[in-house]
Amino acid sequence: MKLIIINGPNLNLLGVREKDIYGEADFDSYLNELKNKFPDIELDYYQSNVEGEIINKLQEVGFSYDGIILNAGGYTNTSVAIADTIAAITISVIEVHISNIFAREEFREKSLISKNCKGIISGFGLESYQLAVSNFVDSKTD
Amino acid sequence: MKLIIINGPNLNLLGVREKDIYGEADFDSYLNELKNKFPDIELDYYQSNVEGEIINKLQEVGFSYDGIILNAGGYTNTSVAIADTIAAITISVIEVHISNIFAREEFREKSLISKNCKGIISGFGLESYQLAVSNFVDSKTD
Amino acid sequence: MKLIIINGPNLNLLGVREKDIYGEADFDSYLNELKNKFPDIELDYYQSNVEGEIINKLQEVGFSYDGIILNAGGYTNTSVAIADTIAAITISVIEVHISNIFAREEFREKSLISKNCKGIISGFGLESYQLAVSNFVDSKTD
Amino acid sequence: MKLIIINGPNLNLLGVREKDIYGEADFDSYLNELKNKFPDIELDYYQSNVEGEIINKLQEVGFSYDGIILNAGGYTNTSVAIADTIAAITISVIEVHISNIFAREEFREKSLISKNCKGIISGFGLESYQLAVSNFVDSKTD
Amino acid sequence: MKLIIINGPNLNLLGVREKDIYGEADFDSYLNELKNKFPDIELDYYQSNVEGEIINKLQEVGFSYDGIILNAGGYTNTSVAIADTIAAITISVIEVHISNIFAREEFREKSLISKNCKGIISGFGLESYQLAVSNFVDSKTD
Amino acid sequence: MKLIIINGPNLNLLGVREKDIYGEADFDSYLNELKNKFPDIELDYYQSNVEGEIINKLQEVGFSYDGIILNAGGYTNTSVAIADTIAAITISVIEVHISNIFAREEFREKSLISKNCKGIISGFGLESYQLAVSNFVDSKTD
Amino acid sequence: MKLIIINGPNLNLLGVREKDIYGEADFDSYLNELKNKFPDIELDYYQSNVEGEIINKLQEVGFSYDGIILNAGGYTNTSVAIADTIAAITISVIEVHISNIFAREEFREKSLISKNCKGIISGFGLESYQLAVSNFVDSKTD
Amino acid sequence: MKLIIINGPNLNLLGVREKDIYGEADFDSYLNELKNKFPDIELDYYQSNVEGEIINKLQEVGFSYDGIILNAGGYTNTSVAIADTIAAITISVIEVHISNIFAREEFREKSLISKNCKGIISGFGLESYQLAVSNFVDSKTD
Amino acid sequence: MKLIIINGPNLNLLGVREKDIYGEADFDSYLNELKNKFPDIELDYYQSNVEGEIINKLQEVGFSYDGIILNAGGYTNTSVAIADTIAAITISVIEVHISNIFAREEFREKSLISKNCKGIISGFGLESYQLAVSNFVDSKTD
Amino acid sequence: MKLIIINGPNLNLLGVREKDIYGEADFDSYLNELKNKFPDIELDYYQSNVEGEIINKLQEVGFSYDGIILNAGGYTNTSVAIADTIAAITISVIEVHISNIFAREEFREKSLISKNCKGIISGFGLESYQLAVSNFVDSKTD
Amino acid sequence: MKLIIINGPNLNLLGVREKDIYGEADFDSYLNELKNKFPDIELDYYQSNVEGEIINKLQEVGFSYDGIILNAGGYTNTSVAIADTIAAITISVIEVHISNIFAREEFREKSLISKNCKGIISGFGLESYQLAVSNFVDSKTD
Amino acid sequence: MKLIIINGPNLNLLGVREKDIYGEADFDSYLNELKNKFPDIELDYYQSNVEGEIINKLQEVGFSYDGIILNAGGYTNTSVAIADTIAAITISVIEVHISNIFAREEFREKSLISKNCKGIISGFGLESYQLAVSNFVDSKTD
């Protein structure tokens, strides 16, 4: 089974940036933990601050992988183009957010991409990613 | 560890009602499966169509359980009172939805209770409940 | 043929409350008249001020009766949950209002339940109920 | 007793146009049926696609007939002038719609003329007209 | 003179819940104080989390008491049905709030029931209730 | 000097319709009075309930008369097409209203045609027309 | 007969300020012309840039004069207090504007005071004042 | 192949009206040019200022021609009835505009009829019509 | 104990203006009554129609008195500057209204100053002021 | 004559993605057809998923080519920056869309770039591009 | 060179009021510093809490000074009249704010006067004034 | 002291593009002037049309420089991601605009990034950059 986590803008600053909201852990250490928890899964990782590069990556993996876990960061609320890409590819995408986006500024409540995703997981810190992986694993085995 | 699932209006009709949206399974069978998957957890269940009774139940368990999993159904979008209750009690609540509420009618996108919950899980069918239980288990062990 | 009239909050005050809007008649006398006009029809009646009890009743009769005539009163404009119930049950519901809700306060114009009902009859005083019964009778005989 | 049915734009296409919404019957055959059901009533009919001609007709009959049954079609949502005419004449107008306008596009939900009408009947197919006639008859005999 | 205080959802948690907003006192002790301050007044008390039960109580006392003091809690902002009840009964209702609802979240600013009440008192802590009682007393003696 | 008064829908009912708003006078008698007050002016009159006929008339006189006095009635608030005609013709148009449109329903406050007119006179009863004629006379003599 | 013209903020700059909108004439010369045209009328004049002073003046003359002609300038769109004053006094107020406020910025279209005035005259340059005086004279002689 | 161009209100003034927006050419000369460019096509023409007459014409040709080119002028933004007609007939309609409606006043941006048309061509001057004809020709030959 | 009542625009007209809304009493007589009821309190009074003068007075007393009772009249809904002053001074302000502002025009429902006040009392006629005084007295003695 | 077609995000998936909306053809084959139809025109092609790269290309060709045909895909509705670029360059841009954007989701109706383009062509499938080329050719030869 | 700083309501409380937002310095000391930094400039100062007095001062200096630095305080968001004055005078005005108005309450983001000013400087504490002076000096010397 | 100016999309066209709005100067010459005025400051420069590259640069310098001067061009109004980056880095950012963005199209008035910046300087032509540099220098020396 082959999954990929795609992180959008500023998520490379995890552990550096606004720790009261996003926590102290950096993403690389977390990724290792995650791989250890799911040793049978091939788990790729990609991060970019550029909207179009995220689209490129989604197109690249979107017809062959078993699932995509997407945290589009600030593009969640503004990118019609990423939403279009998710609709265009054939692989399921799970939208995740580290913080509870509904408990923050009002403009973060409106995600443009949610309606094209399989499901949304928001507010569980880094564990949001783990829950998404779990769901792909469970769906497979059903 | 003691958790409770609280289901709001019309969720007693699962397996009967609009099967294209909510699936064929009835909730009781699913609950048994769930208990089997988490044999060490005491997992209570409560369903009511009455807004105030859901509030009563939330108040009753909200200071002593280890976690609440709430699918408020149609009250999700209209109940300031349930949102107030979640803020008032001390136990964490995870909001779950069977369908992807962001891919349905626009008025379902706006949840009044999300901002007071620990996190939101939406769109994974009945598995949404399982992911919520997982999160309570994982948080405990951390 | 078996029909039920379900009246929502404050409709038990008919003949007592705001007579300039709702008229002088109380509902019980009217119900008797109605039964006399349609002697061949079994016509049940239920009234509650509690949103969830109306949902309970709708679920109870919603898979076996021949038709439901619903005046949801103040819940017309606020209850997503009742609207969900109407969509979930299999029996047709006709929405009725005693007064012309479009000629009153603006917030009364927006009914959340209309889109799930078979039809709407508004503004004919208590006769609104009779017209609804007529329609169920005529549809049957067609 | 003398009533008139006034139909607005595109209602001359009934039986030709969008049959999934409006049904297969053409209005002329229906009108005959209706006359047969109410043999004691003089029932006139008028149709026009021109907003101003509908106004002319409303003014012409609006001080002498016993009732007007109006399906203003697409002018329902845009015509302040027709609404003004209904307020200006002395005969009661019942607003009817073949389809349930609340279950269609959102812009159809807002009728400009409802507030000046005696009542609204919407969603019963062609039988909406019959219910309106019934109401005029019943009111007369009361 | 016979008055009643009706408290809506979550107000049974006073002294337990969010003490920074609602203070440390529980309502029972306060009620005793209040009765001591107004020894000549018969002062009833009712609390419910269920919208429809509040309506039931308002109907029960609303034609015979000398005044009603209502803190509808979270139903203040969502209940057309309670607003309708206040309009339907003949006894005056004073709307009270413990906190200054205008200094909190924006959705709390819009009360559906204010327009049907005699007056509004908001922001004086539990003393809001006392001011309401005072007003009923003063009006009586005028 | 050659002027024309163009009246829109329902203004032929003046003296018949809603006398509390529009007064008891019919327009013909008023027109005679007006001609007597301004004996040197050629004063034409046109009324139609049909939007397109008002456009036809505006086009017909709009390149040769000295001024147009337009009371567009209910089309004031809905007709982009009449507003376009006023912009297209070369003769000045003064918009008049018998009643104070700003003191009536809110939807009447928004005139689509005002921005293309020379000026607006509203609220002086039938004298609104006289003030408009005065202005054309005064502008001429300046 | 005793009238007063009250001019609001910046109208003392007429003839100095934005001549393409307001013209070249200063108000004093115009006032003299106006007095000459209506020799039998006592015509007072007041100008202030201070909202509260305009209110003071309206209160002072508002129970004894025969009419008030008010150009509230920039306060037209923002002053609830001036609107209240017009409602409180017993003398009629005519609202005038030199330019066509509906052909300018959108925020100028919404006058807060129109609904409390007898009528509105807008867009005739300084002649707007003359038309207002005419109307008071004509109403008197009727 | 049989096409028709239907022009709405004020388009008979082309070459007379606002030449800076609509150009100097009158429509008749342009129509001749167009016929010369497409000698094999039967190209009818109809213009009316009356909304209902445009509906009549659309109904008349809407079940037998090969295509309709519609410039609804000011009715583009206000006519639900014309939009309904386009949905009711079976022949494709192309919406054209001479000017770029998106670069003009904001209320022109919202066309009520676009969603029922095959396509939209806006901003190419009179050539917008030619592009529409081309498209009908090309679709035929495909 | 030293309190001040500050009244905004048009409140000097009490007893003269719109008696059906504001009652027959003038404020001076009422003030005397009030002083008699609270003989131990120094109770100042200030009224102005000028927004800036109210700000001046608030600043003057806002650091030394024991409480301010403010009825800002028409400035309630428009004055950011008064709201800023209330936030800037250190003495508590209670906002009072004679009429129930929530039962009047919709624009009166939105008070800009409420969020900076200690509490709001609205709808008790002149007794609104007395309730405010009571609250300051009670708070002192607590 | 030198033209360029610039395609935005996801248009490289044509023939792969959502074929019910965008058709079966891939863009390369279509481009060849197009070149064959216009053998005398130099027709460049550029596609990118990155907003800023589209801006780069527009700047590069925007002062020297004879015309630009732009399908900005999902950036149509969100990119102020691309709209600014179109305003900044001197070559005309025609906006094209394959599908009828007005018949799809509401957020697609609002194009930020339309107002800066020469014209808009939407809804003709891939032929939208050909119509745009035709227009550049025709304009040249005029 | 002759400049003036005009401060609006509550800015006389600087150093007294909300020090966490506006800092500890009072304006007089700051003004002295500023004069020392720009010894060659004549720098006047005016403060008023009265909207109309600010207008008076702007008119007085607005045709003869070299520049105006305006902090309109709470009138920034509500005064159409001050905005009109800035448009009417011939001297440039720079709008300054001590705090970053875009990082505070949403209603402060909308300045009515910005569009008529030369430029805006917001968020630099008292140094906002110095930057404005610098700009007038630099513009002069260019 | 080390500062950087970051310019967003289309600002590389300065001196080429819309000179009536942005002036004749190109940015390079201006940058040289600026360096001459502040010889003691290390002043870097970066321009990109790509949103993500601006984010990359902000992250790169955002933990080590002494200040960032950002003109985000068209991304000012649409980029949640850039706003997030500014919040995430530790160095202060000053937002500058060449033109007065409040005097242009309405959609330019709303900056998404202002609330995370130290301050805003808008409308002073290229001198806006110089004022920003001055402020960083002055803050340093304080």
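Each chain gets a letter, A, B, C, D, E, F, G, H, I, J, K and L, in the order it is written, and its residues are counted from 1.
Note that a residue touches a chain if its C-beta (ideal position, glycine included) is under 8 Å from a C-beta of that chain, and two chains touch if they have at least 3 such contacts.
Please read all numbers here as calculations on a predicted model, not as lab measurements.
When the partners of chain C are compared with those of chain H, the chains appearing in both lists are D. The chains in contact with chain E and with chain F alike: there are none.
Path length between chain A and chain G in the touching-chain graph (shortest route): 3.
For C-E, the matching interface among the pairs C-D, A-J or K-L, defined by over half of the contact pairs being the same residue numbers, is A-J.
Here the spacing of chain H and chain K, counted between their Cα centres, is 54 Å.
Between chain B and chain E the centroid-to-centroid distance comes to 31 Å (mean Cα coordinates, whole Å). Separation between the centroids of chain H and chain L, computed from CA atoms only, is 47 Å. Shown for chain J are the residues in touch with two or more other chains, namely 50-53, 78.
Screening every pair of chains for touch gives A-B, A-J, A-L, B-C, B-E, C-D, C-E, D-F, D-H, E-I, F-G, F-H, G-I, G-K, H-J, I-K, J-L, K-L.
Looking at the complex, you find that chain I touches chain K at residues 50-53, 55-56, 59, 63, 78-85, 87-89. Those residues of chain D lying in contact with chain H across their complex are 8-10, 12-13, 16-18, 48-53, 73-78, 107-108.
In the complex of the two chains, the chain H residues touching chain J come out as 100, 102-103, 109-111, 114-124, 127-128, 130-131, 134-135, 138-139.
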